[in-house]
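First, the structure itself, so that you have it in front of you.
When the chains are written out, they are named A, B and C in that same order, and each has its own residue count from 1.
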Amino acid sequence: MYSLLSTQNLSASFGSTQVLKNIQMDFDEFTVSAIIGPSGCGKSTFIRCLNRLHEEVAEASATGKVLLQGHDIYASDVDPVAIRRKIGMVFQKPNPFPSLSIFDNVAIGLKLAGVRRGAILRETVERSLKLAALWEEVKDKLNSQGTSLSGGQQQRLCIARALAVEPSVLLMDEPTSALDPISTAKIEELMTELKKTVTIVIVTHNMQQAARISDKTAFFLLGEMIEYGETSELFTAPKDQRTERYITGRFG
Amino acid sequence: MQRHFADYIFRSYRKRKAINALMCGLLVLAATLAIFPLFSVFGYVVAQGYSALNWEFFTAVPKPVGEIGGGMANALLGTCTLVALASLIGIPWGVSVALYLSEYGGKQGRGRFAGVVRFSADMLSSIPSIIVGLFVYALVVITMRRFSAVAGGLALGILMIPTVCRTTEELLRMIPEHIREAGLALGLPRWKVILWIILKGSRGPITTGIMLSIARVSGETAPLLFTAFNNRFWQSGLDQPIASLPVQIYTYAISPYDDWHRQAWAGALLLVMLVFAMNLLTRVVFNSGGNSKKQGGN
Amino acid sequence: MRFKLNRKKREVHLGDRVFAFILKVPSVALVLLLVSIAYYLFRNALPVIHKQGWSFVTTSVWDPVNDVYGALPVVYGTVVSSFIAILISTPLSVGVALFLTEIAPTRVGRVVGFLVEMLAAIPSVVYGLWGIFVLAPWLRTTVEPFLAKTMGFLPFFQGAPYGVGMLAAGIILAIMITPTISSISREIFNAIPRVQREAALALGSTRWEMMRLSVLQSARRGIIGAVILGLGRALGETMAVTMLIGNRHEVSASLFAPGSTMASIIANEYAEATSDVHVAALVEVGLLLFAVTFVINSLARLFISRGFRWGAPSNSPGGAK
């Protein structure tokens, strides 16, 4: 197995405050990697660097390399827009497009890309909604507003939306923190299913979640990556004292 | 199937990028076009008006038709008089309505009566100013049987109320609730808290807000046309017609005489300078006062 | 002890009640002021309402000598000049707002935003002056001949280029309402949470696609409200229009031709109107204008307050966590 996505010396800052320092990480294809750490440790910023969303914030900047299949996505001739089609993202709060129907919310990525054929759109929407385990619940009301769904359904809709453009990586920024336990369980279940087709990087503040769903886990603290390894190892035999203190609940 | 789709994306991408560039270019163009008139107006007012600004302009009254020279001294004094009269009406009225809305207007000023008052203030600020002129004409000019400074001042005063009220209310609303509570916790009655802590504490910004509304009404022309009317001579009393800078600019602008046109530009220069200075000052005060408007995002 | 506390409380209540009453009086008076404006307009328009009834708004002859008044041309002039203004100003203003919120770097945005606000601060009479001596000559010598040559087959662009006229009035109105529409659109755009935009960007949309998808789509209602508000301003704007529209009481299809508006005819004739019916006719024009702007502005308020669907807690930390 080679690394689908990796970072080299990735640093990021807002204005003059540095929030990430020299991060080196590799993400293997068809795995789930979790990033844990206390709030303010830079874990969100980190995954936002992976699809170059970080730079959309005023005064934000990033240096270093992020390699997707060996190509640096921060190279000067690379268009961030193209990158974001290969690396999808799901946000903390469900954010379906308010004025679009459920169908259009999923189809929008393809429509933007110029796909007009109804058959392709329908097929993709169905497949993505099925992947996101939402199809059975919405197949009879594809034309109602995306915002009419419940919170958990909305989040799965956002996952379907991201999957529709067939990204090779899916970034998830605390995707269940705004959801109830039942919806959370559904999405966790979904992730183990999804990793057969897509590589997932998830930020979570919930250590149990990381332990349940991920193959590898990284621990971030104050903008640095402290430890990164197999999830089972990191949680049972952490190498770094700070990791140990965090997972045993002695800080933050 | 999957390859086919990737090709699709790749092919259409160049076109999408071109559209993006085109639209962003158009937006920049829109911004440029929108502010272009400002530069043009400002440029002409300065270029044309500067040459006519001289000692006589500030000290003399208009010469009779056909004679070169004369100034707008009476109009300047007239505008000052009218604005002073307007302030006497508009400021206390506007500020007390604002105080009522922010302090007694129910929870967060959303009570029912407060809603009616706020709606009225909004409507008053959005009906054409010439309508206020018609109203004051019916109320004052017909009763007094002549155009007068009082009528003009009242018309401008009415126009000031909503502006004063809105800026003041916004400022009062920015004061956090715990300040009021701190005062109440000292055992002060609410009205003392309002007068001595709330109002006194924000009098700086409120003053600038008021100055802004003064700047706004000092350029008003339409409501003065048949209330204050105009006067070629020095004003002789508040119950008499009175000259004002905007009406004088209007009269001169539509006249056929070059010398009057020059003076109209000079008057416009004064008016524009006044308005810009007030706005700049407000901007500075509001931005440095720590209560700057929230920026989007973080 | 308990008794003493009670007594003190009542005293406080009394002072507060008096103070609240003192503040309530001007508030009530403000509402009454608005009502009495409507009442005075109606009462003073009564002579002509009795005399002419509906023919006042359906006929076009305006003849103070024979005391016959038909307001159709001024209604037409008001509608057409405002329509031109909206046509020009809407794309421009929304463009400015998008530029300020989505494209401009913070510092540039601040300066441009300030300049656009300054456009609103210039007095109407100064716009009129500039219009007479700068805009109208330019229209007469350059724009109108060009329009006549390229689109002269349309009835709107026929006839002699006067400079002053419907087109000039429409353009000056467009300039004057641009700050209104753009500043409200801008506020509405700013109230749309950042996650909405990021959702589009994360899908791989270009910046423009993001604006269409996340900004314009969600803000449609608010933009309509802003435009209606701008329309309200345009309908009632007096001085600049009076100075630029040419003041002729006629309905003409050509935009080059002079005309007049409801506000401009009041400004022009009121101080010199001698007969009672003439005065009443002008007041009735004012009454119509009042009613129209009242309705339009209420409508705009409705749209705008609903336009802020996103005004609620915007807890989108933008990634700085």
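FYI, a contact is a pair of C-beta atoms (placed from the backbone, for glycine too) under 8 Å apart; a residue touches a chain by one contact, two chains touch by 3 or more.
These numbers come from a predicted model, not from an experiment.
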item	value
Identity of the most central chain, Cα criterion	C
Relative to subunit B, chain with the most remote C-alpha centre	A
Distance between chain centroids, defined by C-alpha means - subunit B, subunit C (Å)	15
Mean-CA-position distance for subunit C and subunit A (Å)	46
Centre distance in Å when subunit A and subunit B are each reduced to the mean of their C-alpha atoms	50
Residues of subunit A engaged with two or more neighbouring chains	57-58, 81-82, 85, 112-113, 165
Residues within subunit B bordering two or more other chains	16-17, 297-298
Set of subunit C residues in contact with two or more other chains	106, 206, 209, 316, 318, 320
In the complex, subunit C residues that touch subunit B	12, 15-16, 18-20, 22-24, 26-27, 29-31, 33-34, 36-37, 40-41, 44, 91-93, 95-96, 98-104, 106, 112, 114-119, 121-130, 132-134, 175, 178, 182, 190, 194, 206-209, 211, 229, 232-233, 235-239, 243, 263, 266-267, 270-271, 282-283, 286, 289-290, 293-294, 297-298, 301, 316-318, 320
Subunit A to subunit C touching residues, read off their complex	14, 19, 39-40, 42-45, 48, 51, 53-54, 56-60, 81-85, 88-89, 91-93, 95-100, 108-109, 112-113, 158, 161-162, 165, 171
List of subunit B residues in touch with subunit C within their complex	16-17, 19-20, 23-24, 26-31, 33-35, 37-38, 40-41, 44-45, 48, 92-93, 96-97, 99-101, 103-104, 113, 116-117, 119-124, 126-135, 137-139, 158, 161, 165, 189-192, 194, 215-216, 219-222, 225-226, 229, 246, 249-250, 253-254, 261, 264-265, 268, 271-272, 275-276, 279, 283, 295-298
In the complex with subunit B, residue positions of subunit A that touch it	57-58, 79, 81-82, 85, 112-115, 120, 165-166
Of all residues in subunit C, those that touch subunit A in their complex	106, 193, 195-206, 209, 213-214, 217-218, 220, 309, 315-316, 318-321
